[in-house]
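Inspection log for the structure reproduced underneath, given as structure tokens.
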Amino acid sequence: MARKSDKYQAELERLQILLVETQAWTIDKGRKTVIVFEGRDTAGKDGAIKRITEHMALRQTRVVALPKPTDRETSQWYFQRYVTHLPAAGETVLFNRSWYNRAGVERVMGFCEPGQYARFLEDAPHFERMLADGGLKIIKLWLDISRAEQAERLASRVADPLKRFKVSSLDAEAQDRWDDYTAARDRMLDQTDHPAAPWTVVATDRKKTARLNIMRYILKAIGGPGEAGPEPDPGVVFPAAKSDGRLAA
Amino acid sequence: MARKSDKYQAELERLQILLVETQAWTIDKGRKTVIVFEGRDTAGKDGAIKRITEHMALRQTRVVALPKPTDRETSQWYFQRYVTHLPAAGETVLFNRSWYNRAGVERVMGFCEPGQYARFLEDAPHFERMLADGGLKIIKLWLDISRAEQAERLASRVADPLKRFKVSSLDAEAQDRWDDYTAARDRMLDQTDHPAAPWTVVATDRKKTARLNIMRYILKAIGGPGEAGPEPDPGVVFPAAKSDGRLAA
Amino acid sequence: MARKSDKYQAELERLQILLVETQAWTIDKGRKTVIVFEGRDTAGKDGAIKRITEHMALRQTRVVALPKPTDRETSQWYFQRYVTHLPAAGETVLFNRSWYNRAGVERVMGFCEPGQYARFLEDAPHFERMLADGGLKIIKLWLDISRAEQAERLASRVADPLKRFKVSSLDAEAQDRWDDYTAARDRMLDQTDHPAAPWTVVATDRKKTARLNIMRYILKAIGGPGEAGPEPDPGVVFPAAKSDGRLAA
Amino acid sequence: MARKSDKYQAELERLQILLVETQAWTIDKGRKTVIVFEGRDTAGKDGAIKRITEHMALRQTRVVALPKPTDRETSQWYFQRYVTHLPAAGETVLFNRSWYNRAGVERVMGFCEPGQYARFLEDAPHFERMLADGGLKIIKLWLDISRAEQAERLASRVADPLKRFKVSSLDAEAQDRWDDYTAARDRMLDQTDHPAAPWTVVATDRKKTARLNIMRYILKAIGGPGEAGPEPDPGVVFPAAKSDGRLAA
């Protein structure tokens, strides 16, 4: 057990060093990167982002986790409050949930109208293509967790006094509306997967394995000095377009 | 002479009252409006905007005249710094020059690369269509001035101590590169005119006539209580798509 | 009548030219100026600001008229939302109402607690002295109107369709609580007048005279090329500290 | 060794739980807290902040580490860019270096003028007293490290590829100008220690001990449910006012 954890720590550190080198290159070349983290509750977004950013450059890295929109924001252009946070040259922005809220929680919980949902599915690829044409590297990750694993994590969260601020009134819905979330995920992956910003799936039931694989994939996707790093495990990380049957049901 | 000016004042006031009523309706209905003012130097953008906004609601009206982008902004998504200023429900935003800088001064003066220019011409209609689909009313005005009139206005500006802050180092270029600006205008009007956000031309050699006609047109375009107001003069205001031969050469 | 108006126009223009020259000097020297406009409803703040800024440099001039604070702002440090708008080098900021709201409308209408009011009267001079020590020129103007003149202006506002957005639900209180506002004004002028940021009173019952005198005073106060301009009329503009008996009762 | 680390982990977790409970109370009561972390390079500011915030509420916690001021910011009121980040009700803001830059690195490296330095030492207590009077809890921590320990940490940083972004061009100066920094620290602690916002010193040569003690002290200082927690070790945490001889020379 101790040995396994030591191996994890060693590999984590190796990948973090590659991320640091890659970011030095990103800054030097003036590249711009956006990494979108999507996935059901407890899928491991926070934990992955924490390890990725742990040693990254404070000033050139931003983690964006937007709160519920205000009434004023709700009445603005849907993408407006996200656009504010897009990176300048040399910057890396990690979105902990993103504009894809509309295709997930808003859809399932009825927080948007059907017309807004349909328009979003149509607009998102156009929006992202414009950004990509402007030189932005967009990495979209779907962290995929199974129903049983989610149930377990939700239960352990409630019992943990350190996770008080992670428990939300929507948690119960995650399991109750599991199938609705599944349908929303499938439609989102289907309709918003496009060459300028494809979706990549990561199976996250095994947390540590998932984190290491996310890092490996990001290093490959950004290019630069980390590109020569280790290959992600194709059983854990795979293109949404080729996910046939491998997504959690 | 005095009589003519009195008539102008009376008509100006009548239209301002209609604008005030229209804005009360805009606020009440939660509408969102963007009015883009484009045109060569001295074409009358500032003067028109001043009369339009004179009695409008301070808090629901914004005039946006962005300075030269910073290096950081230059490296961001081109539309990013404009998106920040898009209206929320009930708001009216007037852009005194806009994202179309790229198709005008940036093109002519070489402040952007050919690839950026080409991409802008392609992106602008997509960008605007997304905004329009989201419920934004977009009014795009090209204020069209003749070469002789511009020469005269530029000269009188230099002589007027009140206009000290309007004189710019680029003024000389306006006449020297007249034909380049003409070509840029024609290509812009041609490639970025689309149903969701068409271009409307206003002949502005006669300042006061132009101002009144801009107001009449805006009232019609927004709809609401001002829609029943006076028709703009079709010799002064006309769709870019039907401008054949009427644009200043 | 026409002649009188012509004289006003000529003097207005002369002063505006001096303001433009003064601002060019402000920009060149990197000075920073704040002009606070306070006074009862209809005292002439908007009209004065409009004439002062009419030809000033768009980018180095800001008129700040803050809306009602949000709940979040209300819970922050009282001066915080004003500090955001303080000028950088070369900038001139005109506050159309300011932090002195607390000593006026908030006090009279009960929008703040007595303790907050007392603390404000104590803090304001400290706050302003810090700003002044940091190189900021602070000009504080109290626009003083008589009860009868205010009554007339409020009535004419209601009747004027162009002034729809100036009419407020608080207008009635201005006359009803006249004496409370008088007491609040007197206490404010008494307790927040200090050498680093003294109060200057302008009698504004005669609008045009008031505007010209405000401009003359500002030119003197800023210094620079406009300092040699005409003297303000001591019957219209005078230090709060020497206002004995001259304030509207 | 393993045992010692286990004890640290257990105590860390216990204190983090108390911090979480304290923050829930802070949010519920609408309190506002600022914690200022100052100290020489490598004194342990980042590490302490990381453990403190690890489980805190994302939306009600802000870590502020401002970059070098822009030219525009440099010309503004010195405190202006910090004021922007002050907390609203329920919020906790941790400043990783703060306005005290002026009394430390700016003083020693000559980045400010003597007059600015003198004025800062005078203004800071006034500024903080105003904030405190407005209901803000201000906790100011000086993380105190010895010369030898700093030398060691600086050396290990350079050798560590994960710390690439922590290495700065100013690092060499930290040791070379040790005595100047000492003098600046002493004068700062002496002149800006006042009842509304006193300085507290933490000896940080032993990292883990320091972190636990910082947390204990913060819990006591904020009050609320964490107040009953363990006492900080008076040999590690002590008021600057009673530090006689205990500060690193």
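Here are a few things to note about the model shown:
Letters are used for the chains, namely A, B, C and D, taken in the order the chains are written, and counting of residues starts over at 1 for each.
To be clear about the criterion, a residue touches a chain if its C-beta (ideal position, glycine included) is under 8 Å from a C-beta of that chain, and two chains touch if they have at least 3 such contacts.
Just so we're clear, the structure is a prediction, and the values are computed from it rather than from any experiment.
With steps allowed only between chains in touch, the distance from chain B over to chain D comes to 2. For chain pairs A-B and A-D, the one joined by more C-beta pairs in contact is A-B.
Chain B and chain C touch with mostly matching residues; of the residue numbers seen at this interface, over half occur in both copies. Averaged C-alpha coordinates give centres for chain A and chain C that are 51 Å from one another. Centre-to-centre spacing of chain A and chain D amounts to 33 Å, using the average Cα coordinate of each chain.
Per-chain Cα centroids separate chain A from chain B by 40 Å. Those residues of chain D in touch with two or more other chains do not exist in this structure.
By the touch criterion stated above, chain B contacts chain C in their complex at residues 13, 16-17, 20-21, 23-24, 55-59, 65, 67, 161-165.
Residues 30, 32, 72-73, 75-80, 83-84, 86-90, 119, 123, 126-127, 130-131, 133-134, 136 of chain D are the ones touching chain C in the complex.
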